[in-house]
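Per-chain numbering from 1; labels A, B, C and D assigned in written order.
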């Protein structure tokens, strides 16, 4: 592998890792709090992209604003999901997961009917052109994702470790009963977690919209990856998820460059299986998956 | 008592089954007005592959409406109205077979529009037995043991074979040809034919791989392609969505050569890269625009665009919330051919229709006069072969403009030996795919 | 059951064939679920059976009565192969890990064009030939063959469910620590249930493959798996009959809703959500209210 | 040498030791009481012996065979079975069902036979043996009742019944009489003694109710903070100053002296 190709691949890996991380933290967080396993997480991601399509491509709103708009929009959808699906099925993780699998179909179909179903949606690239790093060319649109992801993850860390509600959320993730005894309202926490999960999936989709095929089904490819990330990271561990996300980002990108994406996914799954065998709790998890 | 328990648990099972059947028997077969001929549309209408199915309905419907407006299809001095029944096969074999059975057994359709691939594999034994026409877009499903399967409305792989000639003709000094497409049923076959032709035209094929359908990020794929320093990057029949993303990456990673493909959806590509770049890369493909002045005025093509917009365009009664695509007319070509065949034969008897079509010197299609061809390629003359348009992207109109309209047959006859040899080496010749 | 096909029109006989195959599928799924392990790779294991049977029939020209049980065995072996990492997980982890591993198997079929035919899958899988005057290509003979095989499989699974082994599965679901403490090898029994279920899924796969004569990886994708979940959820898993009720009702609804075309996934998604929230027990949970066998399922 | 030995058993959870250098010797047919203030490590000891936790160090020897590190079911198979502090039952099963399942290890008959029930004889024996245990625990008239619907006392007895059904030679009872009224307690105490006498069972007993412990046990081991404090006959233990010390401050002193 030549140097430029290598640098190019490294850059691609970091971009992929940033995306996986941004998507997966929400999944891990939601799972940590009252075991909300969201099959529709990929569809949140998809809807985030459609927000950009509607506001930016159709509505002519500036791209950054459209991305910001995705945050509350999808957060609200997250809240609704929590209220209408996870709360009624609380205590039965499988029921929640399967119900959200149903939600996946609902959202995909709805998106297809509302915004049409043919080729990918047309979204002009806001920042054309590419940065030249050691002979490797990386489009600005991708470069942009890296700082964006850093900021988002930083914010989340700050929220979870410095803000009262965030700490409560972590307490709740560690031990719901104890948290409840301390007078933390579980309902508030689950809602908060799903809100954040939605926001992060949404903003990831929004950031990716200009460089990804925006279709109602764009979420499904991501779902398995995201769950592998969460399992490898250790079910409910945020830090673990981030670490695993970048690991998988590198694995996928390098294998794709050298072989192909099918092998990449296979290697990813094999990686997960190995982790399960040698360390069932995942990289940073406390509880057995 | 355990026995009884088992029987008891059989009770609901049996009741349910009888329920299913009872209700299915009750649903009376669709009553046939004597002079109506039913045709079927069997493709993915939901799920990720619906993008290849749903749009086809619009084109077929436009054709059907035209025919019915004239009072029906004139066959053997009698007019027959056309009626279309759609069935969603979700791109899976089992459901496709189920659909074929429903369309034939319940609606007695004479012709089925489909996409091809595994659904074709799963349905052909049944349809061959029932002697029902099954028209796929792409000709790769044609096989000698499928007498009533006709294909070729979509011009791959013929366009993929002509592009190496076209680019060589315009740039004799270029040498290095890189080609890729998604790794699936049709991709492999079409790419084999393209590689064959590229070699026949004297290109060095420096990259000949498939990217898998799981690919979501094309940066690595393009990185790998550019590592081979190609003069031409050909995308074979890479699906339009992927084409857009790959071209974007080619642009970002600084590719300066020629881009060539089966279907470049100009409008969405131009969202990602400047029109000047597309013109500079001479990006050539086969799906012409029907509002291209090249067709002349008045023309069936221009009419079609108008009708489509009137019926399905923004604000129209049947607004489909999307722009017209190649798929909208791709399916219709096959329907036109079949209808013409029936008129020539003066009957709907499939064997007579095939006979008439093969005898015909020129069959009118929306891409121009076609002939039945393909014995050397598929072992049977069931490929509908209209002249093939090659369009390039122009910066001034930010659109495709037809550059040439080539008859495939003569070109192929001159080179077939080399090409077929390569295809056989790659194990993609029809008699090797069992 | 045995006279139905003569009244129904041919198209519906075909639906019944698919229905019977699905009955094997859901029943075997419940067999695994009784240990508390819900998997997401059951349809893939069905695929393993389908591929195995197809390969044997195509390359060795073996007859169906041979390939079918072997297909089951093959699927069982695959199940045995993947159950080890799976057992390291419980509950939801198991669920997701099985999804990922199932995907892995599908990708193997896609990746290796020989012998699996890659994304195109396998074509020209031989139909069952004639047996004297009976041509098994025809719907009705195939229907009766499927009916026989299905009843056979269902009967065996019913006996297992009622036997000491079936009870062992159920107690593992109720309290695996207690089960372990009285000497039940929980791990072994979980694997046993999983492999057994895989075996029957494989048989269903063989039946499907030889009816279609063409299979591809897409046929056994996640969407199909979610359909299976819909059947199981709609029917319920507490009683043996539950899943069968589910698949019967959904088969009917599936035909009934064809006119919805592109809207259908939305409809089925809504059904899935609705049942999980408002009728978690599935349809079967309504039955005990007005029939006799509510005592039955207590006295295991 | 003793039938059951624990040698320098140590179990750490994270930093702190739940058990440290514990030695224990139990003779066949003995009823051994294990007492100690809350958090002394009694239940941990049971969990380690029964293989729920692996010991950090030290070993457990049963009939000369090392059982530490084996999985629970293996240990149970060798004849060491425990009951739980919580009321652990298969609640959706009948009393009969519970005991039948608990006889898992004794159940005979190959796969085919079991599935198709071709050999009724085996099933009948199986059920008779189960019935015997149910009678013994005085649950015969409840045998078709769902475990869930039993009164607490009977649920505890069923727990013991299941342990017995597993066919052990040594049985570990974790607070068998908690939450029982005096009559139930009396009944259970007699049963435990009967189990030892009639079934030649060795018994480890963790119990808070000192009347029961003192009345029932041949020898008593006192744990405190995971260490062995004392070891001896009931009356020795009652006089032992360290033990009183350990219990001092706790209202348990009175309890200890059985008042």
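What we mean here is this: a contact is a pair of C-beta atoms (placed from the backbone, for glycine too) under 8 Å apart; a residue touches a chain by one contact, two chains touch by 3 or more.
This structure is a prediction, so every number in the text was calculated from the model and none was measured.
**Q** Using the touch definition from the top, how many steps at minimum link chain A to chain B?
**A** Shortest path length, in steps: 1.
**Q** Please name the chain that ends up farthest from chain C once chain centres are defined by their CA atoms averaged.
**A** D
**Q** Based on Cα centres, what is the most central chain?
**A** So the chain nearest the centre of the shown protein is C.
**Q** Quick one: which pair of chains has the most contacts?
**A** B-C
**Q** Determine the centre-to-centre distance between chain A and chain D, using the mean Cα coordinates as centres, and give it in whole Å.
**A** Taking the mean C-alpha position of each chain, the two centres sit 49 Å apart.
**Q** Indicate the whole-number Å distance between the mean C-alpha point of chain B and the mean C-alpha point of chain D.
**A** Here the centre of chain D sits 73 Å away from the centre of chain B.
**Q** Suppose each chain is reduced to the average of its Cα coordinates; what separation in Å results between chain A and chain C?
**A** Here the centre of chain C sits 32 Å away from the centre of chain A.
**Q** Centroid of chain C to centroid of chain D, CA atoms only: how many Å?
**A** Whole-Å distance between the two chain centres: 42.
**Q** Would you mind listing the residues of chain C that make contact with two or more other chains?
**A** Answer for chain C, listing residues that touch two or more other chains: 107, 110, 159, 262-265.
**Q** Out of chain D, which residues touch more than one other chain, so two or more?
**A** Answer for chain D, listing residues that touch two or more other chains: 117.
**Q** Check each residue of chain B and list the ones that touch at least two other chains.
**A** In chain B, the residues touching two or more other chains are 2, 46-47, 50, 54, 183, 212-214.
**Q** Every touching chain pair, please?
**A** Touch list across chains, by label: A-B, A-C, B-C, C-D.
**Q** Taking the complex as given, what residues does chain C use to touch chain D?
**A** Residue positions touching the partner: 156, 159-160, 163-165, 167-168, 170-171, 174-175, 177-186, 298-300.
**Q** What residues on chain C touch chain A, complex-wise?
**A** Checking each residue of chain C against chain A gives 38, 84-85, 88-93, 95-97, 99-101, 103-104, 107-108, 110-111, 222, 226, 229-230, 233, 262-266, 268-273, 276-277, 280.
**Q** For a test of understanding, state which residues of chain B touch chain C in their complex under the given definition.
**A** It is residues 2, 5-6, 8-14, 16-21, 23-25, 29, 45-47, 50, 54, 86-88, 90-94, 97-98, 101-102, 105-106, 117-118, 121-122, 125, 183-185, 188, 212-214, 433-434 of chain B that touch chain C.
**Q** If we count contacts the way the header does, which residues on chain D are in touch with chain C in the complex?
**A** Going by the criterion above, the answer is residues 50, 52, 71-73, 76-77, 81-82, 84, 88-94, 97, 100-102, 104-105, 107, 111, 114-117, 144, 146, 162-163, 165-166.
**Q** Using the touch definition from the top, list the residues of chain C that touch chain B in their complex.
**A** 1, 4, 7-12, 14-16, 18-19, 23, 107, 110, 118-121, 123-124, 127, 137, 155, 158-159, 162, 208, 211-216, 218-219, 221, 223-224, 239-241, 244-245, 248-249, 251-252, 255-256, 258, 261-265, 284, 287, 292-293, 296
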